[in-house]
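Next, two complexes with chain A in common: one pairs it with chain B, the other with chain C.
Up next is the complex of A and B:
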């Protein structure tokens, strides 16, 4: 317990600027009144009209009541309904339950029945609701630069179609993103039947095609998708694979991983995670042993492991890696046959995936920790198909190009020059969410309907079928990809509802179709539709075919943004302002370098650097990232959009510019320091807590020896209060625990809280001043040497102290305690002295320096939770334990005439958490989960020595190092 | 001197009030501290500047099914049997609690037209001479309960649909109450007929 934790390199080095920040307690500007006119970027950008509020605001606003003309039977105004639906994301399907207030969706949660989410959610799902109400969405069908209508497009297509039907579609091309949907798969087949000569390209800028290449099924043409069952794995080896962070199936995998972590607490064998990676990821942070290694050395690691596990004469050594380390991994895998899991990242070449599959199969892991499911109903991504398409477009053999979503002008590799090729196509038809880079070049651009607006269906990776049920009619008359494909494939303009039902008739059977269909809509999935696992072709000699990587030059990685993905969510303010889980940066995508690499280049944080890949250069700022492999640079995709919208345009640098279609995942670059620097907006050093034992962790051995190690980490003085302390012994007494052993730092809680509690977005400059508004932050600490540190996360919401220091200094009693133990904010009383924030030892209070919501466009008003106050300027705010949910649950229970039971109230963060790390409930209910977790010997309070008596406490983290490497 | 000043101030204030009295203004009252009274969010039944009909209230998309709104039990939710015909009897247990609930709901929703005894001589008939059915007609007594449910759900003649304000369980409670009214009346008539 005597490791030194540090939060950033500045702190470790104790630099003068860090000391200055620390002494100020808030970074420069955070506690100052705004001087002059500050650039309130977000407000200006989102301000639809700068209404002259001067005189009007002196009068009480006029509110009109506009009731339903014909009220629907199931809606009681003010009482939300919930609908099951599905969010398709690539070939993943996220089962959702969406809260709807009077027919307007307001909050997204996971569907507890769906295998992908099982009631949990991730950042993308939470952010999708803001995407629906994005005022920058494409709003009209456009023909050239004129507004048109869907009917005009249908008529124009009928003309075009005639020509293409004559020659079987020889000059017709279809470009689609990857999908897994029974209806779209059926329509794609019909399209192929109708236009047998048409060219079809399936392109995803962030593609897992290397994984699929290794898992082809015996009958060629189809492939199978691996589904990881992390919950069954005792030993997990992640090779450049961020299975707990940047992965479409993150929710399922984090949930499974947390099961294996918690096993230690229940006295069962705890899982062990090994990670080999170039740049720090969430998976690396959770690993019990992490090795930083250039990505091109991964094949050598696989070969070395294969030799150790399977025998034979393969490679044994990896340059720069201790043999002891590899021995330990191999031993661990062999000791846990059938309970091990080796995963390679999608950026690794086919050969690595084939070798990993062979290794997993030889260890008996296939079928238990990883199963393969046939990719039926799926269009699999193939980057080569885009290359072929571009050649055809350049050759002039494509006269009509239909783009069914995606944004190739922005996200195709720069060397393809997609925009130039697109200009050679006579009729470019684009379905786009925004008038983006691609839609601007289109002859016809059609606004794409959001998944919350359209009928569609999806198949999860394990084959589970579900329907995408709309929550609202399209706000801007958009069309779903299914509807456009339906028009192309059948020549008839059919509604998505009809198309999906046609597909589902044979699935559900004609008899009792309506009843079954309604059940599918109600539940959000077709129960029992998961497909049986298949066995892919296994190449037993795969590991001998691994090519050793070249090690010349600096290795450059392209990773999708953990939040914006390939750039499609760039106009989502919540996701832009969400701190990167590892770098804690907002609103930017600097190049990440290891401390040694940065030093050799002579650059530091915020300095500009020019990255040159195959003759193309990109200049962007640098962030020095401890724990990154030397000689690597990490670039994040999804930023630098030109036409994303008012929020996402011109944020960060466009890494696609230096991405080459020949090596889209890992390439070689040269780096030179460039003149100048750029200011970045990290949330990292804000509110530092002076190195006190905030996070407590121990090894499994320590835990077994002394389960209460965390409580003994600090010797508490006799805690005496200056006040007569209130005993909270009646009614409900709310409390929370956060299990640091399960938390992977994914930030789902942060966005869930933002969505539930109407938390504003403040913009890059305000974040830099330390004025971000997130009610729960996820602190990230490093421990150990800066070359190879460990990383650990701690979510910090309001602690709801019983002896709250904030309450004692408020001059107007705006923050007070209620009799259920909540530290409540009375917004109307708050006069903005900010004394409370100064006196809060946990720094969890947030202040509205501006009226961030003053110029909210009409459309964005709809995303706000009607049950939560939208705060104004000069008001302090903070986590309320979702008091609106507590009250709603109490009302429901009273109306039903039953007592409130454990689980009736779920806070937004708790409900979202994929790892189930958060427990919330009533301390006076002995059967409640929170009482059980508080009784865990790992339970400790943050800064308990202050006698603030926080209601939120933490459960210490337990690591599980391998006995052979215990010192490491 | 202080007295005088105070009296002068008071007089001025009162006369000021007096002068303003009776003056009407089309503008809402002056409101110095906004105090988050008007928040940029969509409240139930509020006006909207976004939707074409000016209301925040949206209709659910046709064909969608909300959680807990599966309504698989046709007898209960539509008053219809498996043969597609109205069910003969109320598909829930009729007990004192249901009758009490039905009586209370009846008073709220039915009594203004149908009157307390179900004769169709409610206030609407008295004042507006609106023809309203009596529940004691032979024809209506012979209606299967499912048909009564259908009339309440979808309306009939001048009677509008009551499916929104009255949830299905309450509709059945009201039907139970109506049947009770009919039974009481029939018994009373029978008592009178046999001296």
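Up next is the complex of A and C:
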């Protein structure tokens, strides 16, 4: 426990500016009004108004009650309903249960029955509800510059169709994002049948086609894709693969990983994670051994591992990597045959994936830790198909182009010049969520319906079928991709509902169809529809075909934003303001450089740098990222949108500008320092641990030797209170534990809390001043040298101290304790002295410096939880342990005439957590999970020496280093 | 004799005292809210429907046992009877319009709690608090009037000592129910059968 933990390079160096910032409770200017542009920017952001409709008299405003005319049978005002549906995301399907208040969806949770989510969620799922109510969504069918109607489009298509039917669609082209949906797959087949000569391109800017190609190479024909079963793996080797972070299947993989982490606590073998990567990722942060290495050296690592594992001639050494390290990985894999898992990232070339498949197969891992499933019902991404399409467009052989979603004008590689090619197409028909970069150039643009508004279906990666069931009619008359594709494929305008049911008739059978269909809608999936794994053909010589990478120049990586993905979620304020899990930056995407690379270029944080790739330049700010491989620069996609909407336009830099279709994942760049700097808004330096042991971790050996190592890290003085303490020995006594051993730092809890508790978005300028409002933050700590530090995450909500320091200083008793141990915040009493925040040792209180919700568009108010007060200016707020959920669960149990049992109350963060790291429950219920976790010897309280008696405590992290490398 | 100091002292005491007393009384919900009696767009008579005709409260306020809100009935609920009864009454013109056009009625809220107070009907019905306890003798009101201040201290009076206000759950909607002679025995019986523990801390009602 002698490690030094640090939160940022500024803290490590203890620079004067860091000190000056730290010693202020609120940063300089925190209580000043934002001026000029920033003020206007702030008002444009979301929020909600509390203004009452005119004070006609001093007596009271007249308030109207507007009942239904004909009450819908299933709706009881005041009682939320929950429906199962599915969020399609690329070829992944997230099974959801969505809460709806009087027909208004407000909160998304995972569906416990669905294999992808099993009740948990990720950031994208949580943020999707805000996307539904985005006031900047496309609101009309448009023909050129004029508003039109869907019926007019259908008529126009009928004309176009006649012409294309004559020549089999030779001048017709369809561009679609990748999907996995039985209905859309069926319609695509029908479309091909109707227009056999039509050109079809499937394009995803963030593509896993290299992974698919590895099986197609040897399979020739259909392609199967891997499904990782991380829970079965004792040894995981992630090669440039962020399986716990930036991955469509993150929820399932994090859940599986957490199972293997917790195994140690139950006395079973604990898993071990090895990571080799260029830039820090969540997977690297969780790794027991992490090696920073340029991406182009990964093939050499695979070859070296193959030689060690399989024998034979091949590369043994990797420049810059200790042989001992590779020996240990190979030994670990060989010691755990059938329980190992090697994964390469989607940015690695086909050959690496083929070699990894061969390695996994040789070690007996295929079938246990990784299974392969046929990509039935799927349209697989192929970047080359877009290149071909653009060539055809430029050649003038495409007269009608239908874009079924996606935003190629923004996210196609810059060298393709998609916009110029699109202008050469006579009839461009675009289905788009917003009037975005692509829709602006369209002849016909059709508003795309949100998945909560339209009928569709989806197949999960393991083949499990589910239906996308709408919870609300399209707010702006949007159409789903299924409906537009249905029109193209059949020539008839059919509703999504009809199209999906047509597909499901043969799946469920004509007999008892309605009954089974209702069961599918109710459960959110077709039980037992997962496909059996297939055996992929394996090229056993694959590792000998690995080409060594060239090592000239600085390596540039393009990674999707962990939240905005390829840019499609750019107008989602929650996701923009969510700190990046690794850099902790909001509202921007600087170039990430290692400390040494930054030094050699003469740049520091916030300085501008010009990145030039194949003659094209992009100037953007720099963030120095400890632990990144030297000689690499990481660019994040999804920012720099021109036409995203009020929130997402002109935020950050557009990395697609320097992305070339020849090397879309990893390329070579030259970097030059540019004049000037840009202010960034990180959240990490708002506070410091001052050398106190907030993070406690130990190795598996230490844990086995002394399970209570964390509690012994601090010698507590005799804790005595200055007054008689209240006892908490009746009723429910709520408490929480957070398991640092499971937490991967993914931030799902932060957005889930934001969604549940009506937390406002404040904007970049406000975040820079330390005014972010998130009730739970995920602190990132580094440990070790800045070149290759380890990274640890710690989520920090309100600790709900029994001896709460905040309560002792509030002059108006606006923060007091309730009988169930909650430190409650009474908004209506708060006069905004901020004494409580000043006295809070954990820095978890958030102050409404402005009325952030005052100018919220009417539409955005619909997303708010009716069970939680919307706070106004001058009021302090903080985590409440989701007191509204506690109250509702208590009442539900009481009315059902049964006692409240463990699991009835789940906080929003706990429910979302993919790693199940959060336990919450009643301390007086001996069977509750929270009592069990509090009894874990790893349990410790933050700053216990202050005698604040926090109800939220932590379980120390246990690492599992390989015995051969234990010293390093 | 200079009377000014005395004068000043009296003024200095009386005026603030009067101001405090004035705000205390005239600013309190007892004065500002009790007796609020807005004229509704349709002169619906609770006296007729609930009193003379004896409709149960829950015929219209159907969700009172299961939801936080008792629910104002949909137009359809009026038309269930008025399709046949008083079909041409002028007073019902707005109701018929609403049913014909589908545009909802706009009633005026009488009993209003602040937005930061999360009152729930279902808990109170389950605890055996009669409608009449908070709403008064609705069955005698031609125009619904607020009878109680609905202030926080008024809520807490009952939350601190609910026993005198409780009745069997079966009698909740009975407007004419009176406590039996041996009220203490009933209280004890109710407390044993259906113990309640109403919250008296902030988070019970404020979130």
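Quick notes
The rule is simple: the second predicted complex is superposed on the first by the 931 of 968 C-alpha atoms of A that agree within 3 Å, B and C clash if a C-alpha of one lies under 4 Å from a C-alpha of the other, contacts with A are read in each partner's own complex, and residues count from 1 in each chain.
Basically, a residue touches a chain if its C-beta (ideal position, glycine included) is under 8 Å from a C-beta of that chain, and two chains touch if they have at least 3 such contacts.
Since the structure is predicted, the reported quantities are computational estimates derived from the model, not experimental observations.
Using the contact criterion defined above for the overlaid structures, shared-chain residue A:77 touches chain B and also reaches chain C.
With both structures placed on the common chain, the touch criterion links A:824 to chain C but leaves chain B unconnected. More residues of chain A are in touch with B than with the other of chain B and chain C.
Of the two partner chains, chain B is the only one that A:470 touches; chain C does not reach it. In the overlay built on the shared chain, the residue A:887 is in contact with chain C alone; chain B does not reach it. Residue contacts after overlaying the shared chain place A:758 against chain B, while chain C stays out of touching range.
Once chain A of one complex is fitted onto chain A of the other, the partner contacts of A:65 extend to both chain B and chain C.
Of the two partner chains, both chain B and chain C are touched by A:869. By the touch criterion defined above, A:518 lies against chain B but remains apart from chain C after alignment on the C-alpha atoms of chain A.
Note: residues 59-60, 62-68, 71, 77-78, 827-828, 869 of chain A belong to the chain B contact set and to the chain C contact set alike, using the contact criterion stated above. By the touch criterion stated above, chain A contacts chain B in their complex at residues 57-68, 71-75, 77-78, 81-84, 97, 100-104, 469-473, 497, 515, 518-519, 521-522, 758, 827-828, 853-854, 856, 858-862, 864-866, 869-872, 875. Of all residues in chain A, those touching chain C in their complex are 50, 59-60, 62-71, 76-79, 731, 816-820, 822, 824, 826-828, 867-869, 880, 883-884, 886-887, 891, 894-895. Contacts from chain C toward chain A in the complex involve residues 32-33, 36, 38, 63, 66-69, 71-77, 98-99, 102-109, 112, 114-116, 118, 120, 122-123, 126, 197, 199-204, 206-207. Of all residues in chain B, only 27-32, 34-50, 53-61, 63-70, 72, 163-165, 167 touch chain A in the complex they form.
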